[in-house]
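Next come two complexes, and both contain subunit A; in the first it sits with subunit B, in the second with subunit C.
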Partner chain A sequence: MRLPVAGLSSRSLAWLIDAIIKGVVLTVGTTVLSILGYFGDALSFIGIFLGLWFYNVLFEVFNQGATPGKSAMGLRVMNANGTPVGWTGSMIRNLLRAVDTLPGCYALGCISVMLSKDFQRLGDLAANTIVVYAQNDAPDASLRNVQNEPVRVPLSPAEQQAVVSFGERAPRLNRERAEELATLMKPVFGEVDADRLRGHAAWIAGGEGKP
Partner chain B sequence: MKQETFERHYTDRWDEFERWSEVLDGAREADVAMDERREIGREFPARYRQVCHHLSLARARHYSFGLQQRLNRLALEGHRHLYRARTPVLASILRFVGAGFPRAFRRHGRFVLFSALLFILPGAAMSIAMTLDPDLIYSLVDPAQVASMESMYDPANRSLGRERQSDTDFAMFGYYIANNVGIGFRMFAGGLLFGLGSMFFLGFNGLFLAAIATHLTAAGFSSTFWPFVSGHSAFELTAIVICGGAGLMMGMAGLAPGRKKRWHAIRDRARDALPLVYGGGGMLVLAAFVEAFWSSTTWPPVSFKYAVGGVLWVLTIVYFWLPGRHEP
Partner chain C sequence: MNLESVTAELRPRGPWEAMDLGARMVRRDAGVIYRTWFIVTLPLLILASLGILYLPVPGWVMLAYWWLEPLTDGPILHVVSQRLFGGATDTRSALRSVPAHARRNILFLLTPLRFHFARSLAIPVTQLEGLKGQKRRARARVLNNVALSHGIGLTTAYQHLMLCLYLGVILFGYLLVPEAYRDTLGSTWVGTFLGDGDTTTAGNLLTLYIFYIAQTILHPWYVGAGFGLYINCRTMLEAWDIEVAFRRMLQRRAARATAAAAFVAIAFAGVAEPGRAEVREFEPYWQPEVVEEATAAVFDDEALAQYETVEEWRPLNPDDDEEPAPDTSGLNHFFETLGRLASVIVEFGLWIAVALALLFAFVTRRRWLPYLRYEPGEERRPRQRIVLDSGVITAEELPDDVPDAVLGLWSRGKLREALSLLYRSSVFSTVAKHGVRLPRSATEGECVSAVKSQAPAALAAYFDKVVTAWLWCAYGGRAPAEETVQSLCRDWPSHYGSIA
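The block that comes next holds the complex of A and B.
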């Protein structure tokens, strides 16, 4: 199975969203709790402590590996073998966050993400966890209703696959981009536009009927 | 087989698998009958294997990436459900407190011992050095902080506003939790840097506490300082040393991974060390409770406070010595 691991930019944005959420909740929470006097202060301190150390753990364990920020960015934490992250993995990666932030601005973490194969920060390496895109499949358009366009030239399996993938994706692309991609196939098909190429795709993928 | 035929053939099964996955996620709680749930439980593994099979077929036959991606996602979903680890939380917490934690403490005793030495020895040296030159404290602690410590424990201030202060016990409880457990966690995390972080925190905290204690004793504040710290000292100091020991374990794995790859060794050690961090964190919460609600009281006679402190030390030692010696 292939796990699409997430890179630095989307993870940073997810972190930023989480930071804003935590900031707002804790600011509002501590302000409201301050009405309760010292007892409220106690709750505020405990809230800050939980926000700092357990916000990620609780969401990762109970929300299928995703904090609100990660959900918003379509990310999810998993064990490196693809199983859902549990208490142990989540605790380790989030306790060791303290090291990833050193010496400031997540410097060690960023370096580690850039150097490691699966974009893991130090906490991820020690916990054996990865951050992946939760799903990246806007359902592709079916080619079933597309007019078949027979292919007259021999195509390698890789070329066939590329053409079919194009055919499925084409409706999600804008017109110019689709035409631009289609022209890449000129050396193979000669003169070809996006619609014709989709026809070829339908013929390769389906092709039950006579061409 | 052409891709389209393949899809037409199996798309119902894939859709159904997708629905099952949602049911298992609890996304469709209401409208699923018990019978159907049972059927899902029975059929899920076989269907998962079929999806995996279809995925490898799709790859081998160079079907489109869109289809491959869909099947890949379905396989991942199935994997996620089948290999989900479920543990009863409360039972495992009780087992941990009753046996797991002291057992982990003894198993990794040499790291805890090493940690204790790193904590105590610099402090002892500081204490001895300060009897020769009391001003040494200012090389470590800035004068404003020393002054605030002095005012906190000055017996002359002690009687003032004591009743008002007891309201703050709750606030201090929260503060001690946030602060002390945070220190414990950082002490563990620092171990990742080949143990250097843990060593630094242990040494620094040892020096700091010894310097303050020596200074306040020399200033003649023994009657307030020692009764105050005696109550929570057993839990707090032991927990700090335990968290440091957990960090050292991880650091040692980084320095001397043995036959494993370095990150593998660190991974395994971090997992081994985690019970110590859980236990240490729990002890620090207990210590925060004692510190906020007992240590700060002034009504008990000093001898009674020392007695309680002593009892808690004995309890701590017994706790790490006895429970969980026999396999259940």
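The block that comes next holds the complex of A and C.
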């Protein structure tokens, strides 16, 4: 399994988004509650306490490791071994935010993410969690309507993969480049141009190419 | 450019992942990059310090220092790109590249590009490829189609992290001020940076140096991340990874049949060098409208507006909540009274909840108190529960008279059950009566070797016989002779006595 760990840029932007959400919700909430006088203030304080300490924990535990900011950036929190993060891990990593924030403004956390091997901040190191990019497993449909061209030469799985990715990505290449790459393949497929090579790709992707 | 000597795994990545790859490249060559960085920037910093000390316009000096930041991008890009394409990198060659990079497009670098929202994505085009004018614009358009919003995101992150580190250093200084001097020294320290009207020379210098610290930490990262994004764009747009895979495919065939070698050479000769030759107007091959839609979506995204929003945001300041003036008008009075009533109820409710929690804790003390008590492992014997590889043995499931029970099962034809009972009873009694310690989830073999090393030889020999009989029956499907079982049962009491 591939776990692409996420680094500083995406994580800090995810944090920003979460901060904005928390800020808006808490501002609106406290303003509305202030109608109720001291009782409203008390509720506000409880809300602020819960919001600041449990916003991340609750989202991470119940939303597959992703707060709204993290899902906007395509991130999720996981244990370092790839299992979903649980209450303990999430609590530890989020309580230690207090340390990562030192001396204010997340300077320690930022430096820790830059230096640690898997881009972990101190809370992640303590809880043994990582932040990874959520994988997009949707199959590429771009070969579905392409005329199949049978492949007559044996290809290893890696070579089949290369031809299929050519077929999938050819529409996004410029024409000359696509033809240039197809020309490269002449010794293998004989007379072949970009369209024909795409046809080969469609034939392989259709499941006919298993050696 | 030789794609096959590339020292990173080329494949199309997500844009953020590509930035992380760039950051890792910077980290890989951090030594060379930072040596070059200090050699290039320290003279500038000294010049700027002198300017602040001796010129009447310290603000302009700081602005100039900030403005010249892109001069350091060249050498960083040089190191990272040389290394990516398999070249050697050392500080000397990086330093030698500085003048050349500085001469390249210097005006463009310092004017429009200085304020480019996705600067680190755009810099490689001018600094590495050295493109100008029409060609540069064409290349930039291609890159922006794919990654402009992510480039802007990277710059946003960079600017905010700069602010974080800048404020972080200031706050760190404030934390070091002893409590007693917070009002005097501490507020002077903070006031120095807030610039209350008259900024002192010391304040300006400190501002410059703290900015320099933040820049030193983050700037190489920013340039590297942008380079990663740039490389990823070109990998996607020009299918570098596919070219590498195709060439490998050809090599494999060439190696297999020498006759094919001639073919490959012809094919190679016919292929234009990728890279510079690729600078052409972007012509979408199959679906131009898809690309146009995506581009439109990027600009409809109001990524720029997001930047503004972020700048405006301030932490929640409780002081802003206005104390509601005592207002006796009907509705407010109603809410006021309602709030007071509710707060009394809730306060009582909370105390009752606390009392209930304490009561609950007291009632269930038998359950949780043992967890708080210190219990050394030795005291726990005789153990009532043993975990083996094949299952768990508890005292309750074992009969008082083991030989009798075993023979009973045997005579009823339940050979396997009989031997299983004999084995489990022996293990249990060995642990309970002779104090042998087994590893958790021990297998039969591990039991035997544990008993051999910890118990008298006679017992070990007997135990070995029991286990052998059990193993033959359980895994070999071969029941022992009846005499063997009878003799094992006869000897059982002499080794273990009775269970109870």
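The rule is simple: the second predicted complex is superposed on the first by the 137 of 211 C-alpha atoms of A that agree within 3 Å, B and C clash if a C-alpha of one lies under 4 Å from a C-alpha of the other, contacts with A are read in each partner's own complex, and residues count from 1 in each chain.
The rule is short, and it goes like this: contacts are C-beta pairs under 8 Å (C-beta built on N, C-alpha and C of every residue); 3 or more make two chains touch, one makes a residue touch a chain.
Just so we're clear, the structure is a prediction, and the values are computed from it rather than from any experiment.
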item	value
Subunit B versus subunit C as contact partner of A:V192, first or second or both or neither	neither
Touching partner for A:R172 - first (subunit B), second (subunit C), both, neither	second
Which superposed partner A:A66 touches (first subunit B, second subunit C, both, neither)	neither
First, second, both or neither for A:I130, with subunit B first and subunit C second	neither
First, second, both or neither for A:A158, with subunit B first and subunit C second	both
First (subunit B), second (subunit C), both or neither touched by A:L122	first
First, second, both or neither for A:Y38, with subunit B first and subunit C second	both
First, second, both or neither for A:A19, with subunit B first and subunit C second	second
Which superposed partner A:L96 touches (first subunit B, second subunit C, both, neither)	first
Intersection of the subunit A residues that touch subunit B with those that touch subunit C	37-39, 42, 48, 158, 161, 165, 169
Subunit C partner contacts - residues on subunit A that touch it in the complex	4-10, 12-13, 16, 19-20, 23, 26-27, 30-31, 34-40, 42, 48, 73-74, 103-108, 110-111, 114, 119, 133, 155-156, 158-159, 161-162, 165-166, 169-178, 180-181, 183-188, 194
Sites on subunit A touched by subunit B in the complex	1-3, 37-39, 41-46, 48-49, 52-53, 64, 78, 82-84, 86, 88, 91-92, 95-99, 102, 122, 125-128, 135-137, 139-140, 142-144, 157-158, 160-161, 164-165, 167-169, 204-208
Subunit A-touching residues of subunit B, taken from the complex the two chains share	2-5, 7, 25, 55, 62-67, 69-70, 72-73, 75-76, 79-80, 83-85, 167-175, 177-178, 181-182, 185-186, 188-190, 192-193, 197, 250, 263, 266-267, 270-271, 274, 277-278
Interface residues, subunit C side, partner subunit A - complex	12-14, 16-17, 19-20, 23, 27, 153-154, 156-158, 160-161, 163-165, 167-169, 171-172, 174-175, 217, 221, 225, 236-239, 241-243, 245-250, 252-253, 260, 263-264, 267, 270-272, 274, 278, 280, 282-287, 290-291, 309-310, 313, 315-316, 321, 324, 335-336, 338-340, 342-343, 346
